[in-house]
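Structures for review follow.
In what follows, chain A forms one complex with chain B and a second complex with chain C.
For the complex of A and B:
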């Protein structure tokens, strides 16, 4: 590897612009322009080798320009993704291929065709995020380490043109007390290094590491987000559970077995007369205001099973009440109350009656999720269920059929047997629809309905949160570190019977100048001149 | 020497990132049906009761080909393929192919009436709690899996099948 040997004797890496040790400009040596102090003029590593494919990839991502473009593209894509709802937020039973077009017209169709409907999980968005992560890592490595090196090897006595070409610079006669200058600088919390009567006063160098700390935090944050896709780290699923039902909790299956949940009762409470403190507000709205949504549940655990559907042996874990913001938490999982459906038909009660006398011969209770095929009422009275349509409708040929298996509009065909009618009489019963032969002697009459509520819970697990929080904290620390402190340096040198003064800060020149003013007033040191002002003037 | 070290360092770092990103992409995008049974997977074993009240367990059919169908009485495409399934069931049962037509979440009465109407003689396991349906990750119905004699899924389709297709499927899983 080629190195650049400076006249002071220090070997600098190829590509260095300012000697790491003495500060002599190694490019544009004879120029009188101010030196570009960014990264201390150290060799940004990438720009120096371009041999193998690995180097080429590395160099591409090493460019800050590329990094900024990646950020811009991510921002634009993320913004476009919010124009129309994401696929997970459109109604669950619609077809996305047609939904976006019908709902939002041509822009919606374009949105869908380009994959923006599932943007945040799409492969190209993930690749963009990955590219940002790679860019952050490489940019930091390429600039952080050389900068560290340059600041570590910096010499107290700097080269003549380094001094001259600093933004703040002045020459004055000697004859002031260096001890006093040092005292004043120390009071301002400068750390002082001396060499042959020359002084380097430096403070807050750590603020230069702010961007790198910040990048490290961001990378940890991205790693946390990435871990969501690793098995066992993240779960977010919905669970609909009827009162009285016991179901497997989705996403909780492990090698040790599986969790099950029984829903005893779903409760919705409204604010009422008892809540006197809110009565004025309640009068104003006029509408009922919900006070509480709650599911009373029992959590069970069952041992591992290779066979799905087999009746598991449930071991009770505990009873719980799940309310909004008060989840049931167990073993990294949390169950949150998110939705409900009130009064779903559950059981329908019907009476067998004599049409003429109206006398009842008993009641049958039809479980709408699992009706029996025969209901025996004793004494020779019996009802057979010939057909069951949970969600009755007529199909295109006017034949009775069911829309789906949810009992929203149940209808039945019954065959009624009595000692009088041993061959049986047939009747069709639905909600507000009764069809039967005119000469039927008996009929089924509706006598009541039982309903149940359904709770919706989400199953959540997020083991990546601690990592994301730590990443966020480190990110903020980096921001604070880089923003609230400035890295300031003052060089004072004796040259040919003159006193040379130069000063540099990585940001906030106004602050540095004010500090220099102060120092010069207290110590008698001459106030350096801002050479960039001179030029523009 | 230093240059070589640098190349090794850069290569290792890029490889680590590539592997991590590749895995994330794979598990998220190209495998987003995670949890659902796909072609090439081992068919998860299940146990249900059929219409007649008999226990049906998939693993009991090892050594036979299984035409595993998920359906509902209210689904027209399912209805259309049922007579063909019944016809080919008669032809292929002797040759070691079994049909299991898992009903998704309906009541025994509805399913029994349906089976009687279409004269279905193959076992119809009832998945009242939909646990098996969920374990197989069934989206739309009908969905049909072809399970070979080793219990491996060799085909998965969500189309309403024609008589010819069902016949060719039976040939495929004939042991």
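For the complex of A and C:
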């Protein structure tokens, strides 16, 4: 590899701008302009090589300009994506191919055709995120190593033009106590290195690593987010569970068995008269305002069963109350209260009556989830359930059918047997629609209904969370490290009977100048002049 | 307790107003014998102390309202916006403490005042918390996010000062026009307050019946005359009728009403701007510029940058990290691409881009100041417009 030899004798890697050893500027040597202190003038790969394809790709991703563009494109895409709702937020039963056009007209159609309706699942958005990640990795390597080299091998005595071309610089006659200067600097938490009566005072070097730490955090975060797509890392299922029911929790089956959950009770509370402090607001809305959604449950675990179909042996783990904002967590899983259904039909009572006299011959109780086929009322009275439609509707040929197995609108076809009508009479019974033969002597009439509440819980496992959390923490630490501290350096050198002072900070010059002012007042050191001010003035 | 709380807020408002005037006075150049620097310093200190007193009074409002309502008062639009104004004042106190620049007070305090006055136009009743909001993370997330936004707003204030100071006002250019648009928009906020206050004093009301997006019949009550009615709505009374219907793609809750108020604000802002221009007989920014000539642009630029440097981590922590922790608990996932979340991410990305522009593309001074203006527009958009145009999970703001 080529090297650049400085007049001091040191060989610098190709691309170096400021000699690593003596600090002499190696490019535009004779200029009087302030030197560029970024990366301390060390050779940065992307600024040095541009020949091969690898170089070109490398340079592309390590360019901050490209990085900023990636950020901005993501930003704009995300902003456009909020103009209309994402696919996941449109009503579940509509067809997105027509929904966007119908709801939002041509702009909606364009939105849909360009794929913005599913932006965050689209390949090009993922590609942008990947580009961001690659860029972060490459830029960290590209700049991180040179920076490390430069900060590690700092010399105290620096070249004349290195000093002169610092933004804060002054020359004064000697004659002040260097011991006092050192004491003052030490009091301001500077670490002091000496060489031949020259001083390098430095503090907060660690803040230079802030960007690298925060970028590393971002990379970890992005990796965590991508891992979600690996099987087994993530489950997300909904579980509807009725009061009194015990069910296997979906997605929790492992080799050691499975979790079961019993729902004792679902509770919904509303704000009311007792909540006096809110009475004004409650009166104004007029609508009921929910106060609490809660499922009282018991969690069980059952070991693996050897016999297929055998009833699992439930071992109680614990009782819990699942509320919004207070999920039940066990092992890798969490159960969240997400929805509910109040007063779902559970059991329906019907009476067998004589149509003319109205006399009742007994009551049957139909469990709507598990109806019996015959209900014997004794004394020769009996009801047979011929057909059951839990969620009754008429199909396109006007034939009775059921929409699903949830008893939201139960309807039955009964056959009634009495000593008088031994052949049986048939009747169709539904809510507000009874159909029966006109010459029927008996009828079934509703006499009562029992309802239960249903809780909807989400079962969630997300093994990417620890990675995401670590990434987030590292990111925060890095940002604070880089933005709340600044790397400050002060060089003091004896030259030809004069004292030369230069100071540099990576940011917050106001703070450095104020500190220099303090130092000079306390130690008698001359206050350096801001050479960038002179230029602009 | 609730009454004490409102009184304290009122007092804070008045003190902020006085502080603004004191800061403005400290820049005035009609000074006779007294040493200019000493004069500025003295009145600057008075303004600063007043700002702190006002802040303490507003803190009193916050604490007493918390006691009265049983939860942190950041749970509806009034409470949140008021708190945001308070955080702007806090951020100003912080940065003035470092840089002691009176001009910052001249701009930061009235903008905070506008925010607080804007807040007070929303229903102020102490409202109960729905289950999704009953979490300690509500206060942690919302307060930190508002603090971050408050600090970032100061970067806008400093950026604005920078632009008024340096943009050449001798002829009309794109830049002077942009500056005037900013001035006009600030006046629109003022216009909103004026219109709302007048209508409230007159007790004006007109209502509409219409069917909204979710096929629900709703009644909408406007408190200002209806220029824009709901799409396919019928007015329930014979007050001044709507001239046009609002666009049907506005999905937020009560969007037509908000859109109507928005139009009113723009119109009143226009009238106010016209009046001010007539009085000044020059561009507003041009009229302010001479008062700022003593300021070093580099210092203002640094204040602006410093605000981002301090505010960015706070914002990230509050609006993204704490938000994600809470979303994981309340909504089962830490991120769901809800519009409000997305706009917080956009704000984050924008300021990240700002830092990189500054760091490696050398965008200091004017370019950086314009970026700070855009950043503030994004923050305000998320605060105000997202729930006008887009409906999401966030129950307010």
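One rule holds for everything that comes next: the second predicted complex is superposed on the first by the 360 of 537 C-alpha atoms of A that agree within 3 Å, B and C clash if a C-alpha of one lies under 4 Å from a C-alpha of the other, contacts with A are read in each partner's own complex, and residues count from 1 in each chain.
Note that in this section a residue touches a chain if its C-beta (ideal position, glycine included) is under 8 Å from a C-beta of that chain, and two chains touch if they have at least 3 such contacts.
The structure presented is a predicted model; accordingly, all values stated were derived computationally and were not measured.
By the touch criterion defined above, A:408 reaches neither chain B nor chain C. In the superposed pair of complexes, A:194 makes contact with neither chain B nor chain C. With both structures placed on the common chain, the touch criterion links A:344 to neither chain B nor chain C.
Shared-chain residue A:75: touches chain C; no touch with chain B. The wider contact with chain A, measured as residues touched, comes from C rather than the other of chain B and chain C.
By the touch criterion defined above, A:282 reaches chain C but does not reach chain B.
Once the two complexes are laid over each other on the shared chain, residue contacts for A:64 go to chain C alone; chain B is not touched. Contacts of A:336 after superposition on the shared chain: chain C is touched, whereas chain B is not. In the superposition on chain A, A:436 makes contact with neither chain B nor chain C.
The residues of chain A shared by its contacts with chain B and with chain C come to none at all.
Interface residues of chain C facing chain A in the complex, by the touch rule stated above, are 2, 68-70, 98-99, 123, 125-128, 130-132, 134-135, 137, 249, 251, 298-299, 302, 305-306, 309-310, 312-313, 316-317, 321, 324, 328-330, 332-334, 336-337, 339, 342-343, 345-346, 349-350, 352-353, 356-357, 359-361, 386, 390-392. Against chain C, in their complex, chain A makes its touches with residues 38, 64-65, 67-68, 71-72, 74-75, 78-79, 81-86, 88-89, 103-104, 107, 119-120, 236, 271, 275, 277-278, 280-282, 284, 289-293, 323-327, 334, 336, 338, 458, 460, 462, 465, 468, 472, 475-476, 479-480, 483-484, 507-510, 532-533, 536.
Every residue of chain B that touches chain A in the complex is listed here, in rising order: 2-3, 6-7, 10-11, 13-14, 17, 20-21, 23-25, 27-30, 32, 44-48, 57, 59, 72-74, 104-110, 112-113, 127-129, 131-132, 134-135.
Those residues of chain A whose C-beta lies close enough to touch chain B in the complex are 1, 49, 52, 54-55, 57-58, 121-123, 126-127, 130, 133-134, 137, 223, 226, 229-231, 247-248, 250, 306-310, 368-373, 385-391, 401-405.
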